[in-house]
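Consider the two complexes below, in which chain A is the common component and chain B and chain C are the respective partners.
Here is the complex of A and B:
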């Protein structure tokens, strides 16, 4: 683009934010190499931001929240995995209790004030209780209660970090990192991210379908059986709609060049995938927490 | 730049006997601007998809599409689909628009420059950081347009790019499309013949049965308009169509509401508010979509809800239809509630369906049966009052010949009419319709308008959200103007 700021430099008269204000002091700031930080977007005058916006992790850093908010998807995934592996070392309820205690002590670093992860923990609680209960009932050990407590606590230690950490995972950001840092095939990553995005709209479509069925007199009755049947038929309708939508989305993606992506030139990524200090800190701390069961076992 | 050539295209959908597109030949020289018009259900969208080389797998298609003498590569031809919900591939508006440039392998700075240009060109004003899930229908349409523009394709194919927009926004988007299309080949499908004709080089008219019936410069095509299916087109300068007459009694409410004759309000809202909570993988903070709305729906009148896209029209209709629990006070008249609690959202499904009907903005996701005939009969059957109304409505709305087809196979305009038929079949006392006239040709529009007007004459309390000026004139009732989720001054349309 020319430095003299002639109107012709701006394609089809579209305000392009950064480059229209060529001789202003603001522009001097913007013309410096953009490091991907939030200032690039904020310094632009005019209604349109044309610079590279901050990544989701940078946006989260700028907002209040527990320390883990600044972490990217790879460290979150890695620590979740490490903690799950570490839990396999548990063979006694006391080890599990110590590991759980350490995990709970780290809770303030992961869960923000006021934000309750309660609903996410319900399946975990149900699973732990049922594992414990069935061990008591069906176990053939000498100390059924002890074995049950070990099994239930081991499950909690195994799953809890993942449940809490992956709540911070942004699917789009995860795609960026998986493709750019781990070099996974771009087309696979993009398809998976788009599918996850469609999954997010599934809740919305469910509401629409449920509303339409309710107003058409096909809503759930009061009896549990009628509710179950209603849920099944609504779910089926949703499934049919999802399959049809997937077909149309594939058409829309191909119309935007997805089919040819990576054939002539490698696909590019709109946002960088930086590994930041917060990621290193999380990885180090997470590795320590994950090693607790093993350490207790070796020392004890 | 390459010419676009379509030779001898015939398309027969799975299970259909007659083709929807019949032996269409088309030569579009590079840089030409083409408007494709025709009656609702004539196969316009199918031709567009064929031009993009993106027909669905389950149709029987013959013919050939060539761009510059060879099959088009994906991405060379930009296609904007009718339903903007299908085009979403990312969580934020900016990232969604960036999808095309990313596929093309552009450097990062160039990607975001393209995004900014495309957003400006498509009048996407919600910002690039906006969560796509929170956009209204009209806003989504503009974002989808931006996504198509960002690829900078040599051929741009648009399927009803302005159908869901109010008149001033539609004019701005049209201007933006024309500007963005400078130096490209453009094929637009739209019912707004008057709006596009002055700006295009060529008008194609697809007749019923999928045959090309006229092809030429706009002036020539319009001059020979006597040969055209006048009912199926919005010819510029023609008088507004007269709403069709509906047999008396067809739309009479099944439930006799005392006081309905005097025009009493059947539903009254005071200080209505709605906070939308979003569920899903990553729940977002709740958003206020309505606040402090006072509204009344009188029996025997049509109340129109107007406002720019994103102003809360659809949300208000859903609240009035008892589909969401609002804050504030929403009460049904005692005659309508008939012993039930006065808040519609507390009614059970059948109690609700016996009193009230709702036509959603995007009906294709909400069909409940596998054929058109069963779809219309679903509510009367559920209420235990089957009758001939459904068949009569299908006949009136021009869907009788497609009674055995799956609703998903209908065109966009046909689906909307089917949703209206399904809503009216059980004889509701309250009808709430969200953009019912979108995608209709002159003839089907007259039926839709006629049905809405007739329902009001029969004593139904009709509520219609619309941006269609013609429809507002026909409805001739109170107007509720919304902006930013709250009611603003503005009694006349």
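Here is the complex of A and C:
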């Protein structure tokens, strides 16, 4: 993948792959299986070592940033899940506060100096407020504020690591690792990665559909109701285009032998999916952070 | 249709177009979710008065699973579409962090249960409604325990799940079914059973 992978394109809180795969989403997704699919063994004996481009994690490592940039997708996902699981042990606001403090102490390892994760954290703030407030209203505790603070803090402890860590996840890289390391079915993984590569394209399609509708006099009115109807019908146009695009993508993939690959010989991949030292470090440190609520509960 | 490159006889064998369409539907709904999350946040003060009613907004989250199942008509289609939609949400940064991936799995499984009850043979509005309801109930229970820490009173919890189920039946079930019909009418589903049936009938 990413022959254009300049280190400068490394994210500032936005998943890098979403942008990186913008330019040629179909080609990129399709190239991968083709490498190993056909060409009568040429790919097996070819100059693999010289030609293998760096993985996204290696590119990120080369660029400046917080230490977590060197980690691959599996350790990011695993630690996010572990931290969410660990937060389920919280049953008091003090435990949640200690756990949150530990997470905040780890923040410099995850967030770069220049990049502000603020935009990714807005939904979390809204969610914590709504959970806290609804607990005050809908709970039956003797101390509603205490219960609400516990519920809201617990939610922050549960969600925060995932929101920040998944910002470093590259969809294409995640596909490589899920298929090669976790042995998930290759066809499904590649199809999902191909679809995720169209994320940015879909945003452009939205603009095109909206512009085309405006030219035809189908703009949104002023009232919220008319805006909602306009958004719904534009979304329908987006869906129609997405399904048609999927059909074309599938034809392109099959034309390159996608369906047949992996039947006679194992499917091969353009990029390796190495588990690196940074992954082990993140997993160990993340498991400790995830265990904080449980430890505090057992000790306290 | 030019899109039926690989033919399949058994419902278990996926064609490439099945895989890609289920995944792309997931991505498209992920984009819709992104907009819906803004609406959700804007409307949440309204529900501050009676929090369990916010379940009424929940049906939208189940749409990819229902639409994916009705379009692709294969075991696992609902799960794939919903998981991809959840991944998009997680990548863009969601309310619930990595929790959306669990939600995606729970919701997808709910719809899978409903279509499995009919042995992957019925694809009408009834199956869609059942799928929406099962997925909504599973997701509602998961949310109450994972996010709201089980702090609500039993009455409120039941009301929340009931609202979610109603929304799942109407928005995801009837709405998803109507959406698939509209997609078929627009001529987008030529490679799938839903599109072929429409043309055979009329």
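In this text, the second predicted complex is superposed on the first by the 247 of 300 C-alpha atoms of A that agree within 3 Å, B and C clash if a C-alpha of one lies under 4 Å from a C-alpha of the other, contacts with A are read in each partner's own complex, and residues count from 1 in each chain.
Quick note on the criterion: a residue touches a chain if its C-beta (ideal position, glycine included) is under 8 Å from a C-beta of that chain, and two chains touch if they have at least 3 such contacts.
Remember, predicted model here, so these are calculated numbers, not experimental data.
Visitor: Touch test for A:172: chain B only (first), chain C only (second), both, or neither?
Guide: A:172: touches chain B, not chain C.
Visitor: Between chain B (first) and chain C (second), which, if any, makes contact with A:236: first, second, both or neither?
Guide: Only chain C; A:236 stays clear of chain B.
Visitor: Which partner does A:245 contact after superposing on A: first (chain B), second (chain C), both, neither?
Guide: In the superposed model, A:245 contacts both chain B and chain C.
Visitor: Contact-wise, after the overlay, does A:196 reach chain B, chain C, both or neither (first, second, both, neither)?
Guide: A:196: touches chain B and chain C.
Visitor: Look at A:105 in the shared chain and tell me whether it touches chain B only, chain C only, both, or neither; answer first, second, both or neither.
Guide: neither
Visitor: Who does A:137 touch here: chain B (first), chain C (second), both, or neither?
Guide: A:137 contacts chain C only, not chain B.
Visitor: With both complexes superposed on chain A, which partner does A:270 reach: first (chain B), second (chain C), both or neither?
Guide: Only chain B is touched by A:270; chain C is not.
Visitor: For A:254, select first, second, both or neither according to whether it touches chain B, chain C, the two together, or no partner.
Guide: Both partners, chain B and chain C.
Visitor: With the two structures laid over each other on chain A, which partner does A:160 touch: chain B (first), chain C (second), both, or neither?
Guide: A:160 sits against chain C, while chain B stays out of touch.
Visitor: Could you give the residue numbers on chain A that contact chain B in one complex and chain C in the other?
Guide: 13, 15, 18, 171, 194, 196, 198-199, 202-203, 244-245, 247-249, 251, 253-255, 258-259
Visitor: Quick check on the complex: what are the chain C residues that touch chain A?
Guide: 2-3, 5-6, 14-17, 19-28, 30-32, 35, 37, 41, 44, 47-52, 54, 71, 80, 83-84, 87-88, 90-99, 101-102, 146-149, 151-153, 156, 179, 182-183, 186, 188-191
Visitor: Where on chain B does chain A make contact in their complex?
Guide: Residue list for chain B touching chain A: 49, 52, 54, 56, 73-75, 77-79, 81, 83, 85-92, 94-95, 98-109, 111-113, 115-117, 119-121, 125, 128-129, 133, 147-148, 150-151, 179-180, 182, 278-282, 318, 321-324, 348-350, 352-354, 356-358, 360, 362, 365-366, 368, 378-379, 382-383, 408, 422, 426.
Visitor: Residues of chain A touching chain B in their complex?
Guide: 11-19, 34, 47-53, 170-172, 190, 193-194, 196-205, 208-209, 211-222, 237, 241, 244-245, 247-249, 251-262, 264-272
Visitor: Within the complex, which stretch of chain A touches chain C?
Guide: So the residues of chain A touching chain C come out as 13, 15, 18, 77, 80-81, 83-84, 88, 90-91, 119-121, 123-124, 126-127, 130-131, 133-135, 137-141, 147-148, 150-151, 154-155, 158-163, 166-167, 169, 171, 187-188, 191-192, 194-196, 198-199, 202-203, 206, 231, 235-236, 238-240, 242-251, 253-255, 258-259.
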